[in-house]
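What follows is a set of structures for review.
Here come two complexes built around chain A, the first alongside chain B, the second alongside chain C.
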Partner chain A sequence: MNAAYLYSLIAVVLLGLLAYAGVAVAGLEGLFGIFIPYVALIVFVAGFANRIIGWGKTPVPFRIPTTSGQQKSLPWVKHDKFDSPYNTIGVIGRMALEILLFRSLFKNSRVGFSDAGGYQKIYYKWVVWLWLFAILFHYAFLVTIVRHLRFFAEPVPFFVEMLAKVDGMMQVGAPGMYLSGVVLLGMAMLLLVRRIVLPKVKYISMAADYFPLLLIIGIAATGILMRHFAKVDVAAVKELTMGLATFRPAIPEGDISALFYVHMFFVSLLVAYIPFSKLMHMGGVFLSPTRNLPNNSRAVRHVNPWNYPVKTHTYEEYEDDFREKMKEAGLPVEKE
Partner chain B sequence: MVDTSKPEALIENIDHTPPKKPWEEVPPDLSAGKFCYPTKKKNLEYLSLPTTTVDEWSPADEEWPLPDNWQQIVHDGFKDLLGKYRSLKIFMDTCVRCGACADKCHFFIGTGDPKNMPVLRAELLRSVYRNDFTRAGKILKKIAGARPLTKEVIKEWFTYFYQCTECRRCSVYCPYGIDTAEVTMMARELLTLLGLNINWILEPAANCFRTGNHLGIQPHAFKEMIEFFCDDIEEITGKKIEPSFNRKGAEILFITPSGDAFADPGTYAMMGYIMLFEQIGLDYTFSTYASEGGNFGLFTSSEMMKRLNAKMYAEAKRLGVKWILGGECGHMWRVIHQYMDTMNGPVDFGEVPVNPITGTRFDNAASTRMVHITEFTADLIRHNKLKMDPSRNDMYTVTYHDSCNPARAMGLFDEPRYVLNAVCNNFCEMPESTIREQTFCCGSGSGLNTEEIMDLRLRGGLPRANAVRYVHEKHGVNMLSCVCAIDRAALPPLMEYWVPEVGVCGVHELVGNALVMEGEIERTTNLRFEPLNEEAEVEADV
Partner chain C sequence: MYDKGKIVTGLVIFFVILAFPFWYNRGASSPAPELELTDKAKQAEKCIEETAFMTKEHMQLLNQWRDAVARDGYRIYVSEDGDEYVASLTDTCMDCHSNKADFCDRCHDYVSVSPYCWDCHTYPEENN
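Let's look at the complex of A and B:
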């Protein structure tokens, strides 16, 4: 709630100041430019792998897809291949729609009450906003990440160049503004505002929801500031990032703005934070048993690795309990 | 307290505004009418489940009868489940609290209680998971959303995990497919480790274990009940039918929920099955041992589910049938479709189901060897094997309620609709956001169909009832059909309260009405002994 929001804001601001002061006052470029990024990367890789392996090693005892469409049954009943997939191809289709287009979220609706028609009626209105904010946010993030590959490869791969060109198509300002950066910042803000303004969403939000959003806002904001306002020495930045990428890290001669180190620190924090947070949804979405399993459990047996024998009430025991009554009622029995 | 005797007052007083206090500080309401009665100890003992420390207790009591090491028991149980279920781990780890699920739950819509938002329901468990099993939670505690397991938390779990009907509607909208049914099942399994289950679940489970069905109907009584329906059928159609019981060598074993043998309107669906099988000359048998399709183990633990389900395959094998035909039931079909073969298979009896009348091979049931009655009947109708007189259902304008489990855990949507369109002339759908995969629960599923929480059930069933009301006002719908025995028990009081003009029936009741049987007398009543022609004029303007 308010406290959660405030704590997260204070935390992000303090962390930003820490990096700024660390570089500008204490001259800790090496700490914020080399050491912390490497540590963050190690934490991320180890933590992420650990999580995925942890999930992967845990059995899926039952095949429990949520069926959102007609099952495959009789040949003349039109089967919904993606919402009730029957085989791996269908599942891949369903997962692709889910991961690339956020299909479930697209179905979102809002419930309301109305007394039009002379009685209290509940209505359901399709709402696109959450889906729209979310999908723009994620794609803008993806484009931003791919665009940043130019700092970690020499020569810059052609697709990165191409993407940057498309992304900068608007040709606003010099250097040209990237649409992805602006959309990322804008959508992160809208997602944040949504959390603060909508009473229900506010009620369920925790520090762990505000913190990463604010961190991402910090990342996008410092990025845009560096490009358009602080005009950071890009050549020097690339020297540093190439050093990191080729494992020959060094702090370049000349002066990179402390703002850059704030940016770098935020990114490091975010990356290291992923494995321990809800941001693991990026991995989890692939493994969700209600989505990634075919709805064919009557046709193909699913095996539960920990299935164990249980105590049942056998027919023999049942007949022992009721034999006389069964005989009297003319029901066949095994033992006279 | 809202006066629940007035539906309009109830609905107008629903407030979706969250309280001022954070949810962690709001204690569960354990006043009378807000909780299900806990199970009697004898049921726990009969099923060899852990027991509470005293026989008689109430959730309203300040001190709950938990064993001294209750915390350790829950912690160990949780750890065990996390090692067994990837679903649980993923659902604990990936939620971003986007809120898409918040207003998808019928209990939230009807109560406005924020802990009925699926996201918060899961947080009740997730907060303890973070505290006990994650690094972030262990270090950052409350900031990371972790909270220690206290007796208050157990009370909260008991309140809200017996206030979820495991309907899976929220999981349709979740971008990660987080399924609250799965979360609730895990939480109930943990609660059951402390003996905290409810009587409306464990009494049927114990009955089922002993007598083969939830209602505790003994073999001779089961046979008598079916024979009683046959007398009714004879009176209506002039056809004398003598079904067989526990007959070895039958081609097909028929299993349906015992509710269909016990109470209206399920009994009319039962009559429909029997008439259908007679008309096509099906070589089938009932079993008094496997006399229950439903499985309240599903609402207790995976082990209990397996223990109760085992009878189906065991009986099929003992009787030497080729395959099993299953009646209309909701959660029964979740168990059969998604669990049975895995738990109690691979099958060692029979063959891939083939409809003996049409020759259709049910390849979709090749491994499980069990076919849904609407798949079977739809196939018969498609092949013109049944003569129907849909005008015998003309007194009804029918709509169809997709039961949660056949909808979202099976994908059974078009088969029942195909049957309905063949057996009645007036059929119309409820609004799109309330049917098919978006269907709303009756509000009483997963073992919550119990009298003491009637207020909650009426609220939980409100979205469903409101959609029925819509088609009632707009199209004159007066009959709500369904393929679920719990629905047939839960929807009548729900309709009585919200839309009293609408009745409830099984799909095969309408089949029984319309089915023209060879050599039958001219029918003057439907299966409910209501005259066939009286209401025709009233509905003529629809």
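Let's look at the complex of A and C:
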């Protein structure tokens, strides 16, 4: 298990070299710049829909929302709307807080032993770091992707330009550094270091945890390299990407280095990998029954959808069968 | 499938957003813009460095110039070919490329960069 991150690292490095050599040595621009990206997109869409529909078909036998607040009950008991939602509005509020602010991760706590006071005792402590790294990571990722729309839209929409201005407000160097790119790389590194350094997290980490992180680090690193250190002809890149977006794929003449194709290959891998990996949590979070069910089982009867149709014989039916005999025996009956 | 309406709607919305580049561009081709050279540039025939270098690294050259001038006081830049240039955005680059709108801007608009340099630096009025 300890070697899991080494395997992932070797896999990512080899895949990067593959794309680099494929373009620089074998001249396979068309394969890495056109064919693989389109295939990756198709795999993503089909795989994503398949996973979501698969989850949609899975019955949820019980109400299983995780609650961390007072359920709605009697009018004088204060109800916690977001931690134990009762209706759709409450669920929407809870989901929005979860998806936009990672609220449950915010409650992350650490358990351990302390010797304070001269004797050993257990403690539970609120720890903000994982939440902080994670939320910075996800928002940097989102901002980077939205900014990248400049390669896929002509004319470039105003919100992309505005975002780029805000993101580049530090005005460091030329071309200006984007905060989101640096934050993305930094946070992905921290999330990786966390899995390698902390023994408990390392113990439960597998290759499938390290691989996506390393792939994202690879994407961010090649992107930053391209922007600041090993320059590419960005206008030529846009010609290529616009060709993809308008279904007239072609490899432009300009000077696009093999490094760009490594970036593109990593992105294609990531996109195609999403439906088969833990990265599916981007769709899964919406379908989590522990989050998206209202906690109303005292008010509404929920029938287990996979219940076998059991043959029942109710008391009323029993009485119908035996009413006369019961009366004769002097037993009380509900209906005369 | 349970909650079919909600799940399928969500999925469709996601795919429509994802397909933004496809419906936004409506398949209209958009090649890189043609750049125009001024007469002066045409006469000079070459830029300060190789064209391929300029296309990719002109921003870094300018950054280098800025630091050399503002921090170290060196105003002369010697190119790979041994030619000497005054390290100045307005007096050198914009002297040859005095048609900012048809040269710098055309390319910058295409790739969506808007250098903030013009907040302070000036460029020649369009005259050709």
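Convention: the second predicted complex is superposed on the first by the 303 of 336 C-alpha atoms of A that agree within 3 Å, B and C clash if a C-alpha of one lies under 4 Å from a C-alpha of the other, contacts with A are read in each partner's own complex, and residues count from 1 in each chain.
By definition in this document, contacts are C-beta pairs under 8 Å (C-beta built on N, C-alpha and C of every residue); 3 or more make two chains touch, one makes a residue touch a chain.
Since the model is a prediction, treat every value here as computed from it, not as a measurement.
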| item | value |
| --- | --- |
| First (chain B), second (chain C), both or neither touched by A:171 | second |
| First (chain B), second (chain C), both or neither touched by A:287 | both |
| Touching partner for A:27 - first (chain B), second (chain C), both, neither | neither |
| Of chain B and chain C, the chain that contacts the larger number of chain A residues | B |
| Chain B versus chain C as contact partner of A:60, first or second or both or neither | both |
| Interface residues of chain A shared between complexes with chain B and chain C | 58-60, 287 |
| List of chain A residues in touch with chain C within their complex | 45, 48-49, 52-53, 56-60, 149-150, 152-157, 160-161, 164-165, 171, 173-175, 231-236, 238-239, 242-248, 252, 254-255, 283, 286-287, 305 |
| Chain B to chain A touching residues, read off their complex | 8, 11-12, 14, 16-18, 22-23, 48, 82-87, 89-91, 93-100, 102-104, 109, 114, 117, 119-120, 123, 134-136, 143-145, 168, 171-179, 182, 209-212, 218-220, 223-224, 245-248, 288-289, 302-303, 306-307, 310-311, 314-315, 318, 336-339, 341-343, 345-346, 360, 362-368, 370, 375, 378-379, 382, 407-415, 418, 431, 433-434, 437, 462-463, 466-467, 469-470, 473 |
| Residue ranges of chain A in contact with chain B within the complex | 1, 7, 51, 54-55, 58-64, 66-74, 76-78, 80, 83-84, 98, 102, 104-105, 107-111, 113, 117, 119-122, 124, 130, 134, 198-209, 276-278, 280-281, 284-285, 287-291, 295-304, 306-307, 310-315, 318-319, 321-322, 325-326, 328-332 |
| Residue ranges of chain C touching chain A (in the complex, touch as defined) | 1-4, 7, 10-11, 14-15, 18, 20-22, 24-25, 27-33, 52, 55-57, 59-60, 62-63, 66, 107, 109-116 |
